[in-house]
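Shared between the two complexes below is subunit A, which pairs with subunit B and subunit C, respectively.
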Partner chain A sequence: MIQSVRPMKKRKIKGDGAWGYAFIAVALVVFAVFTAYPVASAFIISFQEYKPLGSTFIGFDNYTNTFSDALFWKSVVNTIVYTVLTVPVALFLSFAVAILILPLKKWLQTTFKAVYYLPAVASGVALSVVWLWIFDPMSSGIFNKLIGFFGISNQNWLGSSATAMFSLVFMSWLSSHGTSIIIYLAALLGIDGSYYEAAELDGASFLQKMWYIVIPCLKPTTLFLLVTGVIGSFQVFQNAYLMTGGGPDNATTMVGLLIFNNAFKYFEFGKAAAQSLILAVIIAGIAMVQFKFLGNDVEY
Partner chain B sequence: MSTKKHVFASILAITMALTTMTACGNSSNNGGTNQGNNSKPTNTTNTTNTTNTTTTAAKDTITALLPPVSGNFQDNFAQMEKEFNEQYPNLTLKIEPASWEDMTQKLDTQVNAGSPPDIAFIGSEGISKYVQQGMLMDITDTVTPEMLQDYDDAPIKYMKNGDGLYGFPGYMEVHALGGNKAFLEEAGIDWKNVQKNGWTYEEFREAIKKGVVKDGNNTSRYGFVFATAGVASKDYLGILIKSAGMPAAFDKDLKFAYTSQKYLGVLKAVRELIDDGSMPKELSSVDAGKRWNMFLTGQTMITGKGLATFENSANKNNEKIKANDGSAVQGSIEAEYIVLPVPSFLGEQPVSSTVVDGYVTFRGKKEPTAEHKENVVKAAYFLASGNVAATTNNDLFAAHITKSGRKAAESMTVNRNPDNVAAVEVLLSHAAPARPDIPVELGAKAIKLQDEVIIPKLQALLANEITPEAMFDAVKAAAIKTFGEDGIVKD
Partner chain C sequence: MLFNNHLVNIKMKYVRNTIIIILLSLFALATIFPIYFMLISSFGDPVEAGAMSYSLIPTKISLDSYKFFFDYSIYSFRWLTNSLIVATSIMISNVFFASLAGYAFSKIQFKGKTFLFGLLLCAMMIPYQVTQVPLYILIVNVFNMQNTYSALILPGLVTVYNIFLAKQFMTTIPKEIIESAKIEGCNQFQIYIRMILPLSKTVMAVMAILTFMDSWNTFFWPFLVTNTMDMQTIQVGLKNFRFANTTYFAPMMAGATISALPMFILFFSLQRYFLEGVTVGAVKG
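For the complex of A and B:
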């Protein structure tokens, strides 16, 4: 059988198509240089003993060392505990605040949105200094003063294994919900008013309207915030670094902090890269599970 | 019209992208990187000369990354650059300032990118880390005998690793304790005798018990508070164990020393001082700033670690209190700072922990030229000797470690307690010797063991979550895993 060979047509990119490629080229170049290239480099470095003057290929050593490192698994457990304690509460608080803001007048809504968003604009280091003052272990600390009124003695909030993780979690509960609140509020405003009117005609209570209208309608938003919240929480670094340094006895050492230490304290970039990629796989796995169980009936 | 808009938007977008990338790139020849590593000087002013004279006449720029070593240090950068240029007209010293907080991160980023500054001011304990990276420049073959003879023997050894010399020391300070004179005398402590003859752990333990003042059930003043949190986390134990027969992490046979029973003895002492009520039970959360505040506000009789510069800081605060200056530390009282030695343990001889910081010489990815190396040595020596060293060390109340520095300091006045000066001299006389014989790989393993096991376990011990025995067992198990059964001290 003879196949007829037709000369390939030169596809010319003309008009708006060309301009489209030109525009995405900019984003593509930025993505390639600042995201794809570092990720590819990290993958290569994870098989090396990195040295500025010449790295050595060491196979899977960085991965096997990581899997046999008790501190790595401890940090994974710490990160999971932190995530489980912070993300659901953060979602609930954001949702509750958004619901409370929703009925207010436009200018009041804007004011509250700005107030709640303010911590996201403030420097994390500055916020940590304030929290260090709040968690001061001596009697001059705000929390110790507070519990002193109830006859409870000073607590070593950040210095004791019993309270250090809780202190970081508590800090997370009371800060940085601004973005989630704004997203929830936008989603709430997007729910068609006719749903509420129909429910009211049927005599639905506030809780029934929440359960049968608001929560289902917000499911895509909740899923988005849950996935991004879990990703952010797994990458948590700043709080542990600034507040506890991972202590006491590694009770607050998160994976992000461990990776930072390996890379910038011990210059073990290969091990740090391997741990970063393992963390990425863990995060991707959790995100897939979330989509599998929560994203079935979500339409975008 | 539409096409014009498209073209204009495209140009804007591409410009933005290029600007972003350019900002992240290596900006210029003067971007704080090793110029000399680019193999040739930037220009020559005397190219007709023979090779020998070309070396001295060639123009070159030396970059230095320097933190605020003393209060006025960074204010003098312009003057330093000018004086250096006057001394060596063909050379330019370009100083980049960095805060103490940023210093390590800035330097590490530059080192790992393969383009560090020629000179950086760091602690001598950091030398092994950069030697392991291959990024330090050994100046043994370039430094002149006159330069070496200018330095005291002990501090210059701290700048060595193996056979290599990697810069010049700026100062050698001793880690001591600091006492409030009035409180020491109130507690009946003969501090002058302690300054001269030292004290044992048992004497120290009894002394600090006397310094405790109770207000009902609360302690209004502790006998002793040492910073153990944050950047100071490794200091407390590291300083104590030197006077317990373990002046370094490895003994002379290069066996890991902290598996000795003497280490357990010190751990028990650490716990005892808290259980006595002489130190706060919240000690594990007390950082350097907090304990200094506690000293100035009269909440502790003795504090640690103490450096000579703290006397200067206390004096300045005293002056502010006298002048009713609102910038004095809130709630502070006048406190005359007294230098005190760290106690000795288990009948061992006292050994002072020292900190030697200095101007360390780096190289880039490319081998530096001999000319550039020579110029870097000139710049490092200029910064670490003579007038610059004298001014900086006087500002810090630190002892001078160069003949040229001492000479330059003769014309400078320092308002310092002579008893403290004498006490520091005593402490320096039994300073822990430098250990350039410890291989970098072994040193790196010890640092990792310290960070991942010793410090976390110490925090737990201070918080009364584990016993001294449990900590000792954890350290020993980790040491065996790291160095092997034959690589540790057994007694």
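For the complex of A and C:
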């Protein structure tokens, strides 16, 4: 049976090549026009001073200007601060919540997952509108009322440079962990029960099981969430744009927002392109470092 | 199990789970508080905020703030239809073209397949800031498409992420099914329609929902390429409304609710696919 099919199969596979190209044609055209071309174009624009009618080449000026620009470095620092404050906390919170959800009944697990995921469903604009009022600087503002219980006086949350960054970070803490919780929980449920049984025979405690089984088994998941979290956080600017506009005094201007402002506020496309490519290099670098330090002893 | 499920004392287990549920509920309350706040506040009167204080318990239910939001612009209903048109088109084209490409990349042999797929994956790592400026120039200055549905839809026709998702899933479909269909005399397109699509229903549903949601919630691209109110999507409209009515608290919440409510309804009716969708792409990410 198999013998008799083989010659026909070979012929078919050869003929299938055309189908293959036909099936990916639209995807490739979309990719070429709306991704590949723009990337190539970004390189060219980054060496130009962009004008609608004929740009002029200015060499590395956009890059050197960027590196000597204090605002650029400030935005890099802001981005790093935001990332360091949000990503590890989000990972820890999601991990803790996933562990706590684990022993519950199935319907409770699903209910909690759904609730935690809910903010991810709402649009960023809607959430930013709501949080804007939660951070209302008046004494009637929700957040001010809350800290009033602890005897702390009113703060101008988004309007003062001391608290603006914290406010954005706090908002992120409460609205961006749904995905990680679900992924962590899936990974936890995937751990083979026999590990625990073996550990129990040896009389391992909860904490020992946690340290010797759960944390090593979840390392690939943690790495995945860490890398995607950091990459995402480096591109973040929607909340800053909608809630503080980067202010006050550029205290919340992140690299993503700086690029956006250069491009679509000041129409300095060349500068924006150069900065976006620098951002791409930084992101690639961070991803590689993380894989190198955390990825080499990952066991699947 | 990680948790000791054969605790000597059933009471102990009961107490433990109760404590856990209380902790999780507190965190859940903090998580959904902004959404709760948005919903109940949207039923307030459309008066300027200075005079009022926020209440966490609904004191009255009035739809005047919704009316205020829709009265703000004659195009406010159109924002919703625009969002619907754009998100639906992007959803349909992604499900079709991404599954087609995913099938080709997972099951059909052709030259340059590995290279092309690798190229697509590399592109996923490029931050969108890099492509944003040239894409804007391309759509607005070269194609002259600003303020059209084409400008809103075309760049999102099919995303690499969805191709990746489809390919990951279709790799698990056994070869034998395709082989036997070939012997029956089906060509590749027939195989795709009759065998692959029915087998991939779940992943297609996940893809459809997540794509629709992403597209509905997108703010920046529509914000960049539209410049008149009649072409804006609900997210851009909401942003305009907010900047034009900075003191009208309840109507702003009504607007936010209007922009988010369709997704909430979708989420609660198709919850399974949403929650599944999160892990589909990530497990072997």
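Heads up, the rule we're going with is that the second predicted complex is superposed on the first by the 268 of 300 C-alpha atoms of A that agree within 3 Å, B and C clash if a C-alpha of one lies under 4 Å from a C-alpha of the other, contacts with A are read in each partner's own complex, and residues count from 1 in each chain.
Methods note: a contact is a pair of C-beta atoms (placed from the backbone, for glycine too) under 8 Å apart; a residue touches a chain by one contact, two chains touch by 3 or more.
Computed from a predicted model, the values in this text were never measured in an experiment.
Under the clash rule set out above, the superposition-derived model of subunit A with subunit B and subunit C contains a clash between the two partners. By the touch criterion stated above, A:W133 is placed in contact with subunit C alone, subunit B being left untouched. When the two complexes are overlaid on their common chain A, residue A:Y266 makes contact with subunit B while staying clear of subunit C. In the superposition on chain A, A:Q235 contacts subunit C only, with no contact to subunit B. In the superposed pair of complexes, A:K51 makes contact with subunit B only, with no contact to subunit C. Using the contact criterion defined above for the overlaid structures, shared-chain residue A:L158 touches subunit B, although it does not reach subunit C. When the shared chain is aligned, no partner comes close enough to touch A:M243: not subunit B, not subunit C. Of the two partner chains, subunit B is the only one touched by A:L71; subunit C is not.
Once the two structures are superposed, subunit B and subunit C can be ranked by residues of subunit A touched, with C on top. In the superposition on chain A, A:W19 makes contact with both subunit B and subunit C. Of the two partner chains, subunit C is the only one touched by A:S175; subunit B is not.
Residue overlap on subunit A between its contacts with subunit B in one complex and with subunit C in the other: 19, 23, 26, 30, 33, 52, 136, 264, 269.
For subunit C in complex with subunit A, the touching residues are 1-5, 16-17, 20-21, 23-24, 27-28, 30-35, 37-38, 41, 52-54, 97-98, 100-101, 103-105, 108-111, 113, 116, 119-120, 123, 125-138, 141, 154-155, 157-158, 160, 163, 179, 182-183, 187-189, 192, 213, 216-217, 219-220, 224, 235, 238-239, 242, 249, 252-253, 255-257, 259-260, 263-264, 266-268, 271, 274-275, 278-279, 282-283, 285. Those residues of subunit A that touch subunit C in the complex are listed here as 5, 8-9, 12-13, 16-17, 19-21, 23-24, 26-28, 30-31, 33-39, 41-42, 45, 52, 93, 97, 99-104, 108, 110, 112-119, 121-127, 129-134, 136, 140-142, 174-175, 177-179, 182-183, 186-188, 191, 193, 196, 200, 206, 209-210, 213-214, 224, 228, 231, 234-235, 238, 242, 256, 259-260, 263-264, 269, 272-273, 275-277, 279-280, 283-284, 287.
Of all residues in subunit B, only 6, 9-10, 13-14, 16-17, 20-21, 105, 108, 111-114, 129, 132-135, 218, 229-230, 233, 280-286, 290, 365, 444, 447-448, 451-452, 455-457, 459-460, 462-463, 465-466 touch subunit A in the complex they form. By the touch rule above, subunit A contacts subunit B in their complex via residues 19, 22-23, 26, 29-30, 33, 51-53, 71, 135-139, 154, 156-161, 245-250, 261, 264-267, 269.
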